[in-house]
Amino acid sequence: MIKLACFGAGRIGQIHALNAAAHADVELAYLVDPMTGADRDLLAARTCAEIAGSDEVFADDSVDGIIIASSTGSHAGLLQRAAETGKAVFCEKPISLDFALTADIVQKVRESGIPCLMGFQRRYDKSFRQLKERISSGVSGRLEQVVMFSRDPAPPPRSYVETSGGMFRDSSIHDADMARHLLDEPIASVYAVGSCLISGEIGAAGDVDTIMITLTTRSGRMAQITACRRGPMGYDQRLEALCAREVLTVGNQPQSTLSVSDPLGCRAAPPENYFLERFAQAYGDEMDAFVALLRDGTQPFAGIEDGLEAQRLVEAAAQSARTGEAIAFGPGWAPDQGD
Amino acid sequence: MIKLACFGAGRIGQIHALNAAAHADVELAYLVDPMTGADRDLLAARTCAEIAGSDEVFADDSVDGIIIASSTGSHAGLLQRAAETGKAVFCEKPISLDFALTADIVQKVRESGIPCLMGFQRRYDKSFRQLKERISSGVSGRLEQVVMFSRDPAPPPRSYVETSGGMFRDSSIHDADMARHLLDEPIASVYAVGSCLISGEIGAAGDVDTIMITLTTRSGRMAQITACRRGPMGYDQRLEALCAREVLTVGNQPQSTLSVSDPLGCRAAPPENYFLERFAQAYGDEMDAFVALLRDGTQPFAGIEDGLEAQRLVEAAAQSARTGEAIAFGPGWAPDQGD
Amino acid sequence: MIKLACFGAGRIGQIHALNAAAHADVELAYLVDPMTGADRDLLAARTCAEIAGSDEVFADDSVDGIIIASSTGSHAGLLQRAAETGKAVFCEKPISLDFALTADIVQKVRESGIPCLMGFQRRYDKSFRQLKERISSGVSGRLEQVVMFSRDPAPPPRSYVETSGGMFRDSSIHDADMARHLLDEPIASVYAVGSCLISGEIGAAGDVDTIMITLTTRSGRMAQITACRRGPMGYDQRLEALCAREVLTVGNQPQSTLSVSDPLGCRAAPPENYFLERFAQAYGDEMDAFVALLRDGTQPFAGIEDGLEAQRLVEAAAQSARTGEAIAFGPGWAPDQGD
Amino acid sequence: MIKLACFGAGRIGQIHALNAAAHADVELAYLVDPMTGADRDLLAARTCAEIAGSDEVFADDSVDGIIIASSTGSHAGLLQRAAETGKAVFCEKPISLDFALTADIVQKVRESGIPCLMGFQRRYDKSFRQLKERISSGVSGRLEQVVMFSRDPAPPPRSYVETSGGMFRDSSIHDADMARHLLDEPIASVYAVGSCLISGEIGAAGDVDTIMITLTTRSGRMAQITACRRGPMGYDQRLEALCAREVLTVGNQPQSTLSVSDPLGCRAAPPENYFLERFAQAYGDEMDAFVALLRDGTQPFAGIEDGLEAQRLVEAAAQSARTGEAIAFGPGWAPDQGD
C-alpha cells in the first residue's frame, strides 16, 4: 500500500482525498487542514484519514507522498519540506505567485529528485487526452494552430481576486499549459491584451476579467487563448486544433443528452456546471497517475518543470498586457523585477 | 426549346412556373388558372407566359408538356386529356382522391405512352438523394429499417381538411413514397393507427391529426412513419435508415447557421419554415428532370406508377387505422369499396 | 446501517454490489453466486462481503434486503423466498420468462407487502429522468407520441439467445417499460413485427433480431419502438417525445467531446460502449433509491407491478409478431397458453 | 428600370451579372471584359447584356450604375471614372493594393457623392446578419469578444499569390471588415503573426499562409482572427461572439443534412465547397441592396469608407506581422511608406 497525506480539505482537496482513499493501492493516512470544522471532519471520516498537522506528516517516514491541495500561499513551503524529506508530491497549481520563489523551489525539487506530478488535470481529461494522442499518432498531420476558449460561469468575488495573483496567473495558466502540451516546442513570442469589461469589482482590485493571448513557437506555429471570467452558457472550456489533415475540437460536456426543440430552435443541454463536475474523470485518472508514479515510476503527463514553464508563460502574458508590447520569449526570459 | 404550359397559379404552381421559365431550354407558353386576380397576372408577367384556357393548351400541338399544379380535383381530367393529346406531364400528387379513378387514369396514361413525372419532390432533395445513392452504392450495407418523422408546422384549417381526402391520403403519401423508394421491394403488410389529439376541428371533420404507420416488405425489412399535423419546432421532416454497416440520417435544414448559447443550453436555428423553403432545391432539380425527360428521355425518379403505388399504400394505411387490423398487402390489394 | 445481500457476481451483479458497498448507509453482508472463481472472490474482497449460500442469507434476520442480479431462472424463487422472509428486494428484470409464473410471484410479493424496486435503470438515467420530469411539470404540454430506438452493439451468441426468452422478452422489455413510464395511461393496442435480418444463428434459434412495435393508449396517444440486435454505431438508445409544445429528445452519450473534421465532414465521438458505461450514473442512482426505499420508505420509480406490466406488454408484442395481428390490450389480457 | 453595366465576367462577375439580370427592376445593359471567349459570350447571352468596352459604358448617360467585378488592378480606375461620370458603384474588394492610391480614390468618390456599395457580402449573409441584428437589438448584452475562423479549402497557386497583395490584404480583409462591423467602435491596437507553414510556393513568393490577428477597441473589447490558406474540412468560415448574456456562433453551412453514423462516430456533411456556394444567398441580397440604394437611396451595409477602413486594418496587421510589434492604431494611422 502507498501511504499518502492530503493537505487541504476544501473543494479540490476533497476531490483528491476521496480519489486517493478509493484507490485500491492507497492508504490515505493523514488529512491536514488548519481550518477546523464539519467539512474537514466529514472528509476525514469518509476517507478514514487521521487529522494531523504538517510536522506529524513530514516526520512520518512511512508516508510516501503528499497531495498539496491547500491554499496557494502554502504550496512552496510544502514542496520544500517534501523535497527535504524525500516525499513524492502531487501539487496543485501554482507553485507560488512569486515567480522568483517558484523558480527557486523548482530548482530545489529538481535537485532532491523527488517524484512530482503537477496538477494540470486537463491533460488527463479523456477528450483532451484523445486529442493529444491523435496528434501524436501522426494521423492528423502537423499541428499548426490552437484556439482555446476558457470561461468561468461567473466572476469570482473581489476577495478571491485580490489574493489570486490576477487572472493571467490564476486562470490562464491552465490554457498556457495546454498550449505547451499540444505545441510541444519552445515558445518564441507572447502577446496579450486584458480588459476589465464585466466586473467593476475586479477592476477596483486592479485586475482584468477578459483576456486574449497569442503565442508563437520557434517554427512559427501559433496558439490563441480567449478567456473571460464570465461565460454566459456556464463553464465553457473548448479547444480547436488545426492540423494539416484534420481539425480537432474538444467541446463542452453537456449535463445530459436531453435536447428540447420548439419554435425557437433545438436546444442542447448546457455544459457541466464547473470544473469539479467537468473534470471529475480527469481528477480520477490524475490520482491513478500519481499512484502509478510512486508504484511503478511511470512518468506523469505533467511534472514540476511544466508548472514552472506554464507560469513563465503567463508571467509573460501579464507583462505584455501591462506594457502593450509583444514579448520575445526564450528559455532565459523572466518577468521584470518588482512586477 | 421545350414548350410547356402550367396549370395552377397557387403557391406550388408559382414554384413550378418560375422554375420552368428560368430554365434555359424551356419556354413557358401558357399559364392556366380559373382564379382571376393579381397573383395570376403577376406570375404570368414574371414568366412571360400567356394566360389561357385548357382547350387552348391542348389544341396547341406545339406544346410539349404540361405541369399539373392545379387543385386536386382537376388532376385526373388533365392527365386524361394529356394522354389523349400526347403531351408529357409533370403531375403533382395525388392523381385523384378516388382510388378507382386513380387506377383507371394510370391505366390510360400507361397505354398512351406519354412521358410522366410524378411530383414526389423529396426524391430530388439533395439530402434524401444522397441517402438513396449511398444505399444504392452498397457502401452502407443492406437497408433494414426506415423511421420517418413528418410534421407540419400547424394544423390546416377545417376547410382544407374537408377536401383533402384525409391525413393519410393528403400527407402520408409523401412518406409512403419515400418508404417505397428506399426499400425498393414489394410491401407485404401495412398497419396504421390514427388519432385526433390536437385539433377538435379536424376531429369534427372526421379526420385524424396524429398517425403512426408500420410497413414490412416481403423479405421482412421494415419502415415506421410518425406523423402529426403539428410540429412544435415547425416543419419537421426527418428520416433515419438503419443499414447493416451504417445509420443514415436526414435532418431538418436550419434556417441559418446561427446558434445562441445561454444558461439554458446551446440553441440551433429552427428548421426552414415550410415545404416551399425546405424543398426549394428539390423543386428546381425536379423541373430539370422533367426537362431532361422531354429532351433526352432520361427517366425521372418518380413516374405515374409511383403515384399509384404510394396512393395504394396510404389507402391501406387509412383502412388499417379505421379497422384496427393489419393488412396483408400485395400487388392485387385494393381498398374496400365505398371506403 | 442497512444490511444487504447480493445474488449474482456477473457483470450486472458487480455493478450493484459495488454501488451498494460504496453507499455510506449500506453494509453489503453477503455475496451469493454458485459460480466459484476469481471474479466472485475479487468482488467479495472489494465489497468486504462474505461469500455465502442462499439459505444463510434468508436465515439471517438482520439482512434487510436482497439484490437479485443472478441468472434469470433464479429470480422467481428468490423473490418468493424474500416474500416469505420479509426481505426487501431490488430485482433485475425479468421476474420470470414464464408469464404465468411471473403473475403468480407478483401476487405473492404484493400480498407479502415487502418493499420492491424493479431494475428498470433507465428511469434513473439523468437524461430520461429530466425528460420525464419536464413532461410531468406541464411545460412541454401533453405527450402525444413517443419514438424509441434501441440497438445493441452486436448480436448476442446463439447460446444467449436460446435461453433469453427471445428478443421481445429480453430486450424490448426496457423500451416497453419506458413507454409505460412516459405515457402513464393504460395501453389499448399492441402491434409488432419481427424479422431475422442480421444473424442466421438467431434465426436458427427461432428468434428474431429486428423489431418494430406500435402501442396506443386508451386516449389515442402512441409509441413506436424500433429495435435491432445490431447497431452500426454501437450501443444506440435514443428516444423522441412529441409533446404539444415541444419535442424532447434523449440522444446517445458520446464517449468523449472530441470531434474530428476532415473533407468527409465533422465526426462526433461514438456513443458509450454498452449499457454498463451508458447507464453507470443510472445504476448508482437506482441503488440510492433502493436505500431510500428501505431507510425512508420513499417509493422507487419502478416497482414489482411495473415489472409485471412491462412483461405483459412484450408478451403481447411477441404474440402480435407471431400471428401478424394487432392485439386489443386491456388489463385482463394474458398471452395465449402454451406460447 | 435601373440600367447597369458589369465589369468582369469571371466567377464573381458571373454571380453579380446573373443576380442583376434576374432582378425585376434591373436591365443589365453592358458586360465589359477584355478576355474574349465562350464564358463571356455565354454570360452575355444569359443576361441579355451587350458586350461593350469601358468608354461605351461611361459615355452612356442612361447607365445608372456599374458593378466592378474585374481584376483588382482595374478597380481604382473604374471607381475614378464612375466618380467623374456620376455613376453609382457596386465595388468588389479591394479598392487597390496600393494603400495611398486607395485613400486617394476614396477621397474622390466621397467628393463626387456617387452612391457606393462595397462588396463585403458576408454582411448580407443571413447568419451573420441575424447575429449582427441580435446584438444590435440589445438582447445579447454588450459584445465583448469576437473570434473568427477563416480557412480556404486549399492554398492558391503561386501565380495568384504573387499578384494578390499578400494573405493579409487578400484574405483577412473580409474578417477585418466583419470585426469592424460587429465591434462598431474605433480600433485601438492591432497585433498579428504570420507564418508559412503549409506551402513552400507561398513562402517562395514572399507571403505567409497561416495568420493570427488580435484587435482591441478603445473601450477594451477584442477580436481574434485565425486564418489559414488551407482548411482540412474545406471552406471553413466561423465566428463566435461573446456577449454579456449570450454566446452567438455562426457555423459552417453543411452541404446537406445527411449524416452517417458508424463505429467511428456520427459524421455530419462537410461545409459548402467555397465562397460562391456558401454565400450565394448573400450575393443575391447584396445585389438587392445595390438596387435599393439606386432606387430608394437605402444605405447599404457597407460603403466605400468601409472598404478603406478594412484595408487600413489589414495594412496594420501586415506591418505588425512583419515587425513583430503591436501597432497603436488610430484614425490617422497609415502604413509605413514603401511597405
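A, B, C and D label the chains in the order they appear, each numbered from 1.
The criterion applied here is as follows: a contact is a pair of C-beta atoms (placed from the backbone, for glycine too) under 8 Å apart; a residue touches a chain by one contact, two chains touch by 3 or more.
For reference, the UniProt names are A, B, C, D = Gfo/Idh/MocA family oxidoreductase.
The structure presented is a predicted model; accordingly, all values stated were derived computationally and were not measured.
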| said: Between A-D and B-D, which chain pair is linked by the larger number of C-beta contacts? | reply: A-D
| said: On a CA-centroid basis, which chain has its centre farthest from subunit A's? | reply: B
| remark: Between subunit B and subunit D, the Cα-mean centres are separated in Å by 41
| field | Rounded Å distance between subunit C and subunit D, as computed from the means of their C-alpha atoms | value | 58
| query | So which bits of subunit D are touching at least two other chains? | reply | 232-233, 245-247, 259-262, 269
| Tell me, which parts of subunit A touch subunit D in their complex? | 141-142, 144-145, 147, 149, 151, 189, 191, 193, 195-198, 210, 212, 214, 216, 219-222, 224, 226, 228, 230-233, 236, 240, 242-247, 324-326, 328
| field | Complex interface listing, subunit A residues touching subunit C | value | 24, 46, 126-127, 130-131, 134, 140, 245-253, 255-262, 269
| message | Help me check something: in the complex, which residues belonging to subunit C touch subunit D? | response | 232-234, 254, 259-270
